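Two complexes come next, and they have one chain in common, subunit A, joined by subunit B in the first and subunit C in the second.
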Partner chain A sequence: MHTFGIVKLAAATLFALSGVSAPVAKQLNVVATTPDLAALAREIGGDAVAVTALAKPTEDPHFVDPKPSHLVTLNRADVLIEGGAELELGWLPPLLDNARNQKIAAGAPGRIVASQGIRMLEVPATFDRSKGDVHSLGNPHFVLDPLDAKIIAGGIADHLAQVDPANAAAFRANLKRFNATVDQKLAEWQKLLEPYRGTKIVTYHKDFVYFAARFNLEIVEELEPKPGIAPSPAHLAKVISTMQATKARVILVQPYQNRKTAETVARQTGATVLDMPQQPGAVPNTSTYFSVMDNLVRSLAGALEAKP
Partner chain B sequence: MRTLLTAVFVALLGTTAAAAQQPDSSRADSLRRARQPRNLDSLAAVIRSLEARIDSLAAGQPQAPPARTSGAYMNIGFDGLADFGWSSEADVAALQRGDHDPHVRGFTVPNAELSLDGAVDPYFKGFANLVYKIDPSGETGVELEEVYFLTTQLLGNLQLRGGQFFSEFGRQNPQHPHAWSFVDQPLVLNRMFGPEGLRSQGARVSWLVPTKWYTEAMVGVFNSAGGTTSSFRSEESAEIHGGIPVPRAVGGVGDLLFVPRLASSIDLTSTQTLLFGASAAFGPNNSGPDSKTQIYGADLYWKWKSPRAAAGFPFVSWQTEALFRRYDAAQRVSADNPTVTLPAEQLRDRGVYSQLLWGIKPRIVAGLRGDYVSGSAAAFDAELRADRYRLSPNLTWYPTEFSKLRLQYNYDNRKGVGTDHSLWVQFEFILGAHAAHKF
Partner chain C sequence: MNPGDFQVAWEIMKWPLAACLLLPPLLVYLGLHVVRREVIFVDLALAQVATLGTCIALLLGHHFNDRITFWISLGVTFLGAAFFSWSRTSRKRNVPQEAIIGITFVVAAAGVILLLSRVAGGKEELEHLLTGDILNVTRGDVGQRAIIFAGLAAFYAAFHRRFALISSDPEQAEAQGGRVHLWDFLFYAAFALVVVSFVRLAGVLLTFAYLIVPAVCGVMLARSWLGRLLIGWGIAAAASLLGLWASYRLDLPTGAAIVVVCGLLLGLVSVVASLRRA
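Moving on, here comes the complex of A and B:
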């Protein structure tokens, strides 16, 4: 009894020293690797979850520093949502090796791999890095297809319901509402972009492939000669001639991509460089999935309208 | 062809429907209802893709079914490192003492590393690093550099590691050469831990302290003998104390090597992180039957990375480690001259290195490192303990994260020898598993 008391005292002291507050009726601690997945988690989790994103909305999600603070975040997580398809291969595995958290171990209910259930595009038939940084499981930039977002949201709802059965009904209701909103918004977005069906566009990286497929746009070139390989003058010359031949009018770039390169190409082709930040929070008033998509669709439609 | 594809399509549909009808839970029904619109859309997508496939078949472009790497039971990686360069010191090995440093004027292949890792089962992960290297006489050496398991399910934020591995003393010692920012090993690490760093057979327990900020406490226990325990019972210790090494049996726990470490980190801002730690190593040395060595170290790493980083650039980082060694040398018979007895004395060494890296633009890094080491006067005048400083600017180009080309100049001053100049080019490539780096 005496020993037990000492142990209790020691534990209490340690607890107090550690600066951890006593658990209250708490929200599920959901960690997403990227802000877009975090935004989907907020849609489904609602008030029952507290969501943290590891990557910044403005940085390249392939290259995130595995900071020690991320280790602490993952150690406390109830649920981890990763993009999968090797998007986070360069930084997530060492964090998970040390996170010491069974709740988010591979295969646990608390581990959500967004790419599962997605019909992946650009899955390579052979693996060869001379073709650039091609992900062996396919192109991982699928969140911009609203129908893929519904699949991811469905997975999130399933997993959250398993981890927190008490709130399962709320998660299902949120999913239903989310899906209904997607259906309604998708119709709006498709209507906005319908006049530009088949329009030829250029992107910096292969990160608008799913978006273009959903909205019937045709990507004729990327400024990167191969995924992850910096643009070379020879390749840019080819891009310019392709753009002139196909009358491609816009170049889509993200906050972390080299806008100057895009501007150089735009000057020689009369095209417009269009900022198309995919991650929620990268620019003001885009904290949700819908506001991001609204922004992307309206920006693109606006640019294509201005440059017939 | 179209008929065949349609048949496959119908079969697929049947499978999907059958799967959805499995009465494994009441959830299945509600799920199916929720998925109805999605099914219609994905069916439309499937039809489109089948049409596309038919077109491509018609064009005579057979499509191989995608193979999959993920799901293999083991990650396999290979790292090749080669150096080329020249030094004003003809005996390059006396200047570049690190095992993975360039060794000669001309070409060196100091590290070709096969790395394997994977989940053993739900309870353990396994790692192995097998290193091949070519010595100055052209002979290939093989070493089992690391082989260890890591627990994945220990309670209480604990983690156990066991096998042969680099001790987590400071920042660079546990890093493999491909993660280094310079061509060669810092002088102070070479002096305290020897050419291959401090690693041995042992076990380490780590506790992730439940604080709001990152704090990790670790204790490693290792065998204190062997060529990679330089300040302890290594056979090469005569280079430090000058005496004939005394064979010491392991009598008790005190004859093992203990390596405690405490590390902590805070994010100063959303773009700046500070990581700092204190480490120590305690164990027996072989200058006498019960003489001991103590090493203490402090390390600091600061990094700024742009909020709009592309491929991780631009960034600025600063890394510094300072070490102090107290080597209690017993009264010993000189290895050079058996008629001479060296007195019992305390050998004190200290050293520091500090390196600044600037990731100027994607895939270009400029670096500057300063090294300084110093040893107290002793009865045996060890070349290995002489004062020395070195200044090393370098420039690295990473064509991708799988290759690098590095140019480095060393301004090197050894007390009693003089100044040397060296110029090294290093090339590295990585095959196989993606090289994920720790912070």
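Moving on, here comes the complex of A and C:
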């Protein structure tokens, strides 16, 4: 220890004497499991961080194919942001085991679990995997509620400040600006969707639950009989009759979901199949959280206006 | 690659590398038997039956990595092994065994689809069973398989003569009074154990590639069991090294990369073989 101190001192002196300035503070390597969390990290981290997302925007966040680059990225990460609540249960744990990076171990300041602090919806009272139940901790698709996005952003700012105290003030300033923008945009979005309060909609997977709760829409059915289980003919027949009874007129789908199933149901009910990609970058010009939300709110309002 | 990069690559690829070098030699040996018996698709069929067993376990609410899932899968596969050894020796009727194997494969595959339609994320699980996850193997996975495989290798080595005779000339074996039925079942049962434990690690595609491609290369280039075995081992090792390297450098799914390299090596070997004949 003592000799090491002397070496360090000598090195520092050498640095000072040679007139070489200390290397420019390096950007933090921030890794997010999904592009939406990556977008939030960019808002808060600004120039002080380099952000990588593991899942592609068009990939189902529940199922990501592991590749060597994922391990390299995780191995070099200073910070990892995961959705939590078992969103990445199927693929993240083995990658983390093999990436062997203590900086992002569970409980380390470099590990951010987005679901912490979120009021989870649909937490099951009983849980039975054999009945096809998943998500014992509740529905993990909460990023689409702007108020939840503020909570996640707050968590990111706290952790980044711990890992990189030199930039703590910048992170807090970015958070403040982000929150102010959310407040302003949320009012705008609510105004756009207000005419459709109580409108009944159908989704493929249970991935618009938080969005619907925030904007007062009512989800009457999912095309999947249970989360992650492929639609069966009997269930689709039930969906069709529910849609006819409730006059639901749009079906929301993601790029990685089976659009053909939605189209079959739409043909029977006269509904519209609406692409509502939640991940930044899934369609052009949606690289930030705000552009994604703008796109979703405007597409939905447009579809509902066209189909009164 | 600077030294730091190499360190990262080694950390990430060392257990996949260990799995791909330590485990395939036994598969290559079994592959020689399978090629000899002309039951090429028997492992695909058994792998599919094993997958069917896994799906039954998933449907019962067990997790993919639970121990009980392995035992259920193995039990179902033993049934398949018994069926194959019975169908081989009772071919008095005019049905070739390849047809039985093909039918087993198709029915098991369809059964898997039916069962997984009731399991959350079934479609993805199906793909996972096909391509495996050789990239994420752990020290425990590799060590456990290495022990099982070493035991089985000793078993096959001890009775190599008998298995070789039954594989190449079952009538002769029967004439000598060996209990062909029983030995055939033992062969398939041990084979099932190999397939089940390797498929869970590497997926159906990679298992088939390690079993058949090096064996076929060996048959093309050599006549003796030993010669074929050595060539097969060389091909398997080369495919592992090249495939893992390509997967890392080009960031490709690991199992599929090795399978494609196996195919390329087979092309190369067949060119060499035809040049030697000419």
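Just so we're on the same page, the second predicted complex is superposed on the first by the 281 of 308 C-alpha atoms of A that agree within 3 Å, B and C clash if a C-alpha of one lies under 4 Å from a C-alpha of the other, contacts with A are read in each partner's own complex, and residues count from 1 in each chain.
In this section, a contact is a pair of C-beta atoms (placed from the backbone, for glycine too) under 8 Å apart; a residue touches a chain by one contact, two chains touch by 3 or more.
Model, not experiment: these values are computed from the prediction.
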Review point. Will subunit C clash with subunit B on subunit A after the two structures are superposed, or do they fit?
Key: clash
Check your understanding: Looking at the overlay, what does A:116 touch: subunit B (first), subunit C (second), both, or neither?
Key -> neither
Check your understanding: Touch check for A:66: first (subunit B), second (subunit C), both, or neither?
Key -> both
Exercise for review: Would you sort A:102 into first (subunit B), second (subunit C), both or neither based on which partner it touches?
Suggested key: first
Practice item. Tell me which partner A:136 touches in the superposition: subunit B (first), subunit C (second), both or neither. Key: first
Review point. With both structures placed on chain A, which of the two partners, subunit B or subunit C, ends up touching more residues of subunit A?
Key: B
Check your understanding: Does the superposition put A:216 against subunit B (first), subunit C (second), both, or neither?
Key -> neither
Exercise for review: Please indicate which partner A:58 is in contact with in the superposed arrangement: first for subunit B, second for subunit C, both, or neither.
Suggested key: first
Exercise for review: Pick one for A:75: touches subunit B only (first), subunit C only (second), both, or neither.
Suggested key: both
Exercise for review: Kindly classify A:232 by the partners it touches after superposition: subunit B alone (first), subunit C alone (second), both, or neither?
Suggested key: second
Review point. Which partner does A:184 contact after superposing on A: first (subunit B), second (subunit C), both, neither?
Key: neither
Check your understanding: Among 116-124, 224-232 or 242-250, which stretch of subunit B shows C-alpha clashes with subunit C in the combined arrangement?
Key -> 224-232
Check your understanding: On subunit A, what residues does subunit B touch that subunit C touches as well?
Key -> 60, 62-63, 65-69, 71-72, 75, 90, 94, 97-98, 100, 129, 133, 228-230
**Study point:** subunit A-touching residues of subunit B, taken from the complex the two chains share
**Key:** 30-31, 34-35, 37-38, 41-42, 45, 49, 63-70, 119, 122, 125, 150, 152-154, 157-159, 208-214, 263, 265-267, 270, 273, 275, 303, 305-312, 362-363, 400-402, 434-439
Point to revise | Touching residues on subunit A, where the partner in the complex is subunit B | key: 15, 18-20, 56, 58-60, 62-63, 65-69, 71-72, 75, 86, 89-94, 97-98, 100, 102, 105-106, 119, 123-127, 129, 133, 136-138, 147, 150-151, 154, 158, 172, 175-176, 179, 183, 228-230, 255-258
Revision key, fill the gap. So, in the complex, the side of subunit C touching subunit A is made of residues 8-9, 11-13, 15, 59-61, 63, 117-124, 133, 135-136, 138, 247-248, 251-254
Revision key, fill the gap. Given the complex, residues on subunit A that touch subunit C span 60, 62-63, 65-69, 71-72, 75-76, 90, 94-95, 97-100, 128-130, 132-134, 226-230, 232
